[in-house]
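See below for the structure under consideration.
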Amino acid sequence: MQTARLFDHLKAACGWEWNRYTRHDFVRQLGAGTLADSAFRHYLQQDYLFLLHFARAYALAGYKSDTLADMRAAAATFSALVDTEMKLHVRYCAGWGLTEVEMEALPEDGPTVAYTRFVLDRGMAGDLLDLHVALAPCIVGYAEIGRWLDEDPATLRDGNPYADWIAMYAGPDYQNVAEAAIENLDSLMARRGGEGRMDSLVRTFRAATELEVAFWQMGLNRA
Amino acid sequence: MQTARLFDHLKAACGWEWNRYTRHDFVRQLGAGTLADSAFRHYLQQDYLFLLHFARAYALAGYKSDTLADMRAAAATFSALVDTEMKLHVRYCAGWGLTEVEMEALPEDGPTVAYTRFVLDRGMAGDLLDLHVALAPCIVGYAEIGRWLDEDPATLRDGNPYADWIAMYAGPDYQNVAEAAIENLDSLMARRGGEGRMDSLVRTFRAATELEVAFWQMGLNRA
Amino acid sequence: MQTARLFDHLKAACGWEWNRYTRHDFVRQLGAGTLADSAFRHYLQQDYLFLLHFARAYALAGYKSDTLADMRAAAATFSALVDTEMKLHVRYCAGWGLTEVEMEALPEDGPTVAYTRFVLDRGMAGDLLDLHVALAPCIVGYAEIGRWLDEDPATLRDGNPYADWIAMYAGPDYQNVAEAAIENLDSLMARRGGEGRMDSLVRTFRAATELEVAFWQMGLNRA
Amino acid sequence: MQTARLFDHLKAACGWEWNRYTRHDFVRQLGAGTLADSAFRHYLQQDYLFLLHFARAYALAGYKSDTLADMRAAAATFSALVDTEMKLHVRYCAGWGLTEVEMEALPEDGPTVAYTRFVLDRGMAGDLLDLHVALAPCIVGYAEIGRWLDEDPATLRDGNPYADWIAMYAGPDYQNVAEAAIENLDSLMARRGGEGRMDSLVRTFRAATELEVAFWQMGLNRA
């Protein structure tokens, strides 16, 4: 591991919050297969609404790009989210008895509003680096969670109703997405960063990580 | 009452949420003088952080203005907020033992993030009308709450620690601010609205009203 | 022709400017095959830089979308522009002796800056309808120009060096793109419009059309 | 002179463009008192329209601010522009036979659109530092032009119809405004900058300086 990575620095600076997020009870219960159906369903429903605004954040990244390469990366993720990912999510949710029509009509829960709009506002008020730092806890955190659950002896292997979820985030496709996001942060830091920005970037990363904690907790509160 | 007012329409369309907001237990306890100190202090602290982003929303209104009149109105409110209002708030908070240095350093609570960033994102993604509709529950709601508490027989008159707060929002200065906001909505509706927008405007108003409910509840949760 | 179409109304309200744009000498000389090489090359170079910001406008449309359908439409155009269209443009420019590396390094000419940033700023300050009205003169105008040149007896058929350009914009693929843009304006007008907005929309459309005139003139000035 | 200043670096990196801007024939003729009335009137008219969007840029700075100090600075300039400065400009224009009603109704000329929207888009897509770098050629350049004309032996002292204009920008009030802008750039660079950003900042500064050249030329073209 290359210690000069911006992501590693951000994670180390927010170790306590990062641990609360990636080792949250929602995550542990998911691994153990003990998470209440109702908690997971609420999470899935809110995640549908979350994805809509998450996609908007990548559209914003397209608007904010200076280079054709950055624009193409933003376009690829934006398109993947509104086309492939939304459809995969809807199909997965169908397996849990949730329909797209129902999910579209649901109100956003407070933590969904807080996280999505924080990212969008931070990205709009700041620059492309601020935006991607605000997105990183989600993108990279899920990869770490997937990997950890996949390797953790406490994870229920047989008959875990959440096995597909774990496999998706632990799988090579998603791990590569997260790795690319980490590399992109370094590229942006080289082009737009500097020592003086670090405090502000850490504040953004910490706030986004806390909002992820609240997102898990929102699910658990419905257990 | 002039029934054609946009604000009246929005409020009527969200009657249930509006009632939960303007008659919230936080508000009732404030009127009765029974609200826990700790609840009010948490509210004041978060309101300080709220005001910073609320001011940004009026700066955004300045950016979004088409006419010099709209720009001047936005500039007046933006300046009033960051100069006069922030200082008044800090002075008032000092009476409750809170210092500006402490408040600046506090993390934003989830409901503070949710409400402020929702307004900013709705305003940025939409137009000046969307922005002002998202702001209206706060501006106009506080005037209605102040007036109601001022007139309610249940309100404690003597020795109510929150008497100043009630008097401020019930007073003519704040009532005029709210009245001007209501008129501004009608002006914007005439210039930018249409029947087809009503559903979307109601959704924005409802979401903002719900986020106000959550803001009161956040205070009460610290009681 | 359905006279209630927003686009028809806008075009009729700006008839004089629309005529100056769609029947500009640059266009006439292109049809006659008499346009100077140098004029066309400067146009192609600036159009490359134009396309980058034009793509950003569709990313902005993605950010500004309220519905998944609008987001998908924005994502499809944004992706098509930065992937397919940019590559087609680069290949076409290669036929005129222009390389992508050279075009990337060129400074934007005044009219390129004016048009692209006007659209982006109008779209950011206003809403999705303002944005698409600002984009319409380009999208729909080129289809009309292509069709007109294709049908005009004055157009040189044999040996016209600009025959491919005309064929592309006169062809069914591009005509369908323009038709979809016209329909989208009506959909947005129904959802977000109203009589009161018409003056402002006409001003936006007129300004964008004038900026298209200046874009052609910029090419001709290099003849 | 402190060579580490960001502004000095930007100016040095764009020496050729800066010279074309600050020593433009429009400026020289203004100093010599030989500038055609019609050129100056067109400049004043477009400067009125320019100021409206320039004010929006400071509102945008307010939206983009992270700190209360930055917000207060933005609010002060935004308010000063839409209140004091617009009124002073209108009064000055009245002396040249131009009324506010007429100026409001004029279409923006291409170079006015290009410069104002470039600044707004650069500021929105980038961060507060990008925005202030895009604004700097205007703010600081006018101070340098005023000072130079005031000191230049070639400047007509007696009976120069543009003496008031020169005196305003050469005067201590405006010089202090420019000095504060230079200091603010250094503050933002320390907080948000880094070596990797320099190329991009220079490109922004150069583009804005070129757009100032075009703004002078627009006036001269009406001579």
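First chain written, first letter: the chains are A, B, C and D, and each begins at residue 1.
Just so it is clear, contacts are C-beta pairs under 8 Å (C-beta built on N, C-alpha and C of every residue); 3 or more make two chains touch, one makes a residue touch a chain.
Small disclaimer: the values here were computed from a predicted structure and weren't measured.
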item: Contact-richer chain pair (by C-beta pairs counted) among A-C and A-B; value: A-C
item: Chain of greatest Cα-centre distance to subunit C; value: B
item: Proportion of interface numbers common to subunit A and subunit D (over half same, under half different); value: same
item: Subunit A-subunit C separation of Cα centroids, rounded to whole Å; value: 37
item: Between subunit D and subunit A, distance of the C-alpha-averaged centres to the nearest whole Å; value: 43
item: Subunit A-subunit B separation of Cα centroids, rounded to whole Å; value: 31
item: Contacts with 2+ other chains: residues of subunit A; value: 56, 63, 65, 120, 124-125
item: Pairwise touch network: line, ring, star, complete, or other; value: complete
item: Of subunit A, residues touching subunit B in the complex; value: 56, 107-108, 110-111, 113-114, 117-118, 120-121, 124-125, 207, 210-211, 214
item: Touch list for subunit B against partner subunit C, complex; value: 63-66, 124-127, 130, 189-197, 200
item: Sites on subunit C touched by subunit A in the complex; value: 52, 55-56, 58-63, 65, 68, 71-72, 74-76, 78-79, 82-83, 86, 104, 120
